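Structure incoming, see below.
Read from first to last, the chains carry the letters A, B and C; within each, the first residue is number 1.
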Amino acid sequence: MAEPLVWLILLPLAWATGAFLVPARGAWLALGGTAAQLWLAFQLAAKVGAGDTATHAVGGWGAPLGIDLTADGLTALLLILTQFVALPLFVYARAYFAEKSPAFWPLAGFLLAGMNALFLSADLFNIYVTLELVGLAAVGLVAMGGGAQQLAAALRYLFATLVGSGLYLLGVALIYGVYGTVAIETLTPLVAADTPRAVWFAAGLMLVGLMIKTALFPFHYWLPPAPGGAPAPVSALLSALVVKASFYLILRLWLGPFAPLVDVVAWLPALLGSAAIFWGSWRAIRAVRLKALVAWSTVAQLGYLFLIFPLLGSDQLALHAGGMQLVAHGLAKAAMFAAVGVLIQVTGRDTVADVAGVAARLPVTLFAFALAGVTLMGLPPSGGFLAKWLLIEAALVRGRWDMVVVILAGGLLAAVYVFRVLRQAFLLPPSGERRRVERRPVAMLEWTAFALAAASVLVGLRGMEIVRLLGAGA
Amino acid sequence: MTMLTSGLIFACTGVVLFAMGVAGVVLLDHLLRRILAFNLMGSGAFLVLIGLAQRAGASDPVPQAMVLTGIVVAVAATALALALARRLFALTGGYGLPQSDAKDGDG
Amino acid sequence: MTANEWLPLAVIASSLVPGLAIFALPERRVVLRTALNLLGALAKIVLVATLLAGVAAGEDYAFRYAVLPGIDLAFKVDALALLFVTLSAVLWLFTTLYAIGYLENAPHRSRFFGFFSLCVTATMGIAMAANLFTFFIFYELLTLATFPLVVHRGTPQAMKGGTIYLAYTLIGGTLLLAGIVWLNNLAGHAEFAHGGVLAALSDAPVWQLQAIFLLLIAGVGVKAAIVPLHGWLPRAMVAPAPVSALLHAVAVVKAGAFGIVRIVYEVYGIEFAQSLDLLAPLAVLAAVTIVWGSFRALFQDDLKRRLAFSTVSQVSYIVLGVALFGPIGTVGGLVHLVHQGIMKITLFFCAGNYAETLGIHKVSEMNGAGRRMPLTTLAFSIGALGMMGAPLTAGAISKAWLSDGAAAAGMDWAIWVLWTSSLLNAAYFLPILWRAWFRPAPLAWPEEQIPARGWRETAWLLLLPPLVTAFMILAAGMFAESPGSPLEWAKLIAMREYRQGATLP
């Protein structure tokens, strides 16, 4: 296949449609398709890493009139991450749903198509369309359970994501009004040359819209209920991947067209990120239910991503830290939700207290949870550790001691909520009345969670590749 | 002072509509009203897009294509929202979002 | 990859691979698990012996792998690394044997031995780390691998001890990380090298170097249980006896003390550290710890807690030796790293034997234990006498060199500290020996679990390890001057760490 760019979007669309038409074969179509996408993403990374910029003009119409697809190192990294997390999660989902939820596969396919298109799009309006596609598919997934609580969570999420993309669209409209183009590459020099007040307003609208979709504090309100009510594979997709898509856009815009504007407000995302770290961790520490704990941890971990903005600079340290955190958290959070899914399925209960004694019965799952926790705490040799290391280094270079303290304190808070679960698991199982009938764990569920968790730790040994890829084509 | 062109009037109206829509989505309780408010918000954005493109005198086809695409997206979103709302009504008998789990969920 | 590159990796793999394999084994595969354990432990000893021969012949063993630009995962095997590697490898073998005997028929043995192997893996990494980055990786791995061992019993007390252990060590790790990144940022790297690497930075602000030193020492000081960071050690005594042995002699506190040695000698450099006025406060801290630990030990009735406070005190002998500016003190500190290990592990093995065989957990229950368990009590007596610094034991050698070092450095007060501690050691150990040997036994032991059979007062796997380590205490004391002894090896290291070259008696 000559054009990995196009096929990365077409393939998931194709298998999603296939899964819709032939529900019985949905899982296999998804697995085959995603495996092929993963291969394509690696191909693309190799191409970008070798110094070629990968660009494709859809239908032969180039920018500014047509729609361009482009990929640089950051794009390639996120594409790999998305397919790499999705593949084991689909294996997990196949065992988890056991053919009972045919709706999952088409929705997941449209979600992946939307995400891949979003990463590859090079114009602001096209990005709006992909944002909506991602949002609607994700809402569909959240609503899949069909209960009142899931529906309410889905609707809450839907309104949040619609307001977010609405703000983004208004910003795009203003920008088109000023410059007459929405192609990112064309815009960047134009914004640098002249920025009327409307563009400041537009940039503000777009960034706030995207922050809502990324669930940055204080716009995080929709996130904890959404995965909390959804089935485990959906929660994992949402927390590990979907929120990263809008973050990717913020980073793209920040480094690209809005670069001349944002320097003066760089403290704001960092401040909100710090607040997210503390508030998210605190709620995770206090959470009663396992899923809520993991979801609040996502709020906290997303905060780290926003710490990089005041630190971005020519030394690339902060960008590398951000890339590493995206990858590490994506893998770890998927693993953690997958592990929690097994715990809930086996014990039949969903509170942290009910984990007691699990260490003896579900060692693989608990290991998966622990390894994912190692990444979230930023302990070596995980990817999270490298992210933390780079972030501290970037903060030190700029003399931001306050941020060093936030980063280190965040790691300790993460340790509190991770070990809350682990120590409970090591407790002796309660005897007597609590001995209830439990389902036997499905080995496939346990091991896919474990594989994701192990990957989140081992990715720390591939730091050089990630750094190299991030530097490519930028 | 330059006169307000019709395009600019459209754009300003669009911004006002958008703001009203956002306020509606955020503040209202009834699901149907929120969905309507979302549509108001979308229309506002489309109006801005069309209005600003009018300034050059001749109308620009690109924003019109965008608005067309945007309308399709908005219709899809509205349909999904309505489907979810109906289902929720069937389950709970109301068009309000139930309070989420106070222990853990709400921010 | 050459043999000199993969040998350090093989040393790590020799416990990592069996450890991971053991996790995967079902609980009932006792024979296979035991075989894996022992095979790993023996393979490690063979590998370490190869390294010892190589390093003595001047070979360089190093491995390097880039993790981030300018930041490497790097191992090197030098004389100092080997001191710790050898100690841990040898003691691991005996602790494994002991643990196999101790945990016979206990639940969750796969998990236990898996983490046990991971602990030793981490210790090997700490010993062979060639820079602070690598050191930190294994230092944190050690924290994670020991937690499940501390809470192994799963009781609420075990959880409490484990939680306190985690709180201390994770906060310590965080401080250490801050110090390491800061240092990396200031110096561009944090490699270990003889004579230190920071002297080249003499134009950096002194307060920054001092602050980094404080962060680093606080970070490793938690594991080395320096007062006031020692609170976790007595609480972690809820763990099974082999774990206590591991914490006190093979891995955790040793890792902390070893970290201090590396930081003072190979990051700052002893002379540069002295010029920054860092050594005197460290010496005072060590002295306070030595006296305070011994003092607290006096009042513990729980045998293992008494031993724990004794560890707090004894580990700081090492720190004191490091902080005494001068090669003689260095030798004293380094040799005590080994001597404290074999003495303390003997004591913990014996404490475990009393608890497992007779149900004795308290000093007040020790009456007459010597007649029921003469061999164990003999080993315990040798260990205790060694701790007091009695002649012919390893402890005497440590104390002699430390005192001479203090005198040579002109810190006469340190000699008084050592004497005070020896007196306190006698005060808390001699009553135990007195009760065990000379007081009549009670009519019934608290909980006799293993009956005596002939000369075997308890299971032979429990008896053998303390006897061997007790023999080592005597051997290290009596043959201290012969080649290959810990003392000779410590002298070799000390000669290399002083840049002007050192003369030793």
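We take it that contacts are C-beta pairs under 8 Å (C-beta built on N, C-alpha and C of every residue); 3 or more make two chains touch, one makes a residue touch a chain.
Predicted, not measured: the structure shown is a model, and the values here were computed from it.
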**OP:** Compare the CA centroid of chain C with every other chain's and tell me the farthest one.
**Re:** B
Subject >> Chain closest to the middle, measuring from C-alpha centroids that were averaged per chain >> reply: A
Subject >> Rounded Å distance between chain A and chain C, as computed from the means of their C-alpha atoms >> reply: 43
Original post:
Centre to centre, by mean C-alpha position, how many angstrom separate chain A and chain B?
Top reply: 26
**OP:** Take the average of all CA coordinates in chain B, do the same for chain C, and state the distance between these two points in whole angstrom.
**Re:** 67
Subject >> Contacts with two or more other chains, residues of chain A listed in rising order >> reply: none
Original post:
In the complex of these two chains, what residues of chain A are touching chain B?
Top reply: 65, 125, 128-129, 132, 135-136, 139-140, 143, 146-149, 151-156, 158-159, 162-163, 166-167, 169-170, 172-174, 176-178, 180, 218, 220-221, 223-225, 228, 283, 287-289, 292-293, 296
Subject >> Complex contacts: residues of chain C adjacent to chain A >> reply: 23, 65-69, 71, 73, 107-108, 111, 136-137, 140-141, 144, 147-148, 151-152, 154-156, 159, 162-163, 166, 170-171, 173-174, 177-178, 181-182, 184-185
Subject >> Of all residues in chain B, those that touch chain A in their complex >> reply: 11, 14-15, 18, 21-22, 25-26, 31, 34, 38, 41-42, 44-46, 48-49, 51-53, 55, 60, 62-63, 66, 69-70, 73, 76-77, 80-81, 84-85, 87-88, 91-92, 97-98, 100-101, 103-107
Subject >> Residues of chain A touching chain C in the complex >> reply: 320, 357, 359-360, 363, 367, 370, 374, 377, 379-381, 385-386, 388-390, 392-393, 396-397, 404, 408, 411-412, 415, 419, 422-423, 426-428, 460-461, 463-464, 467
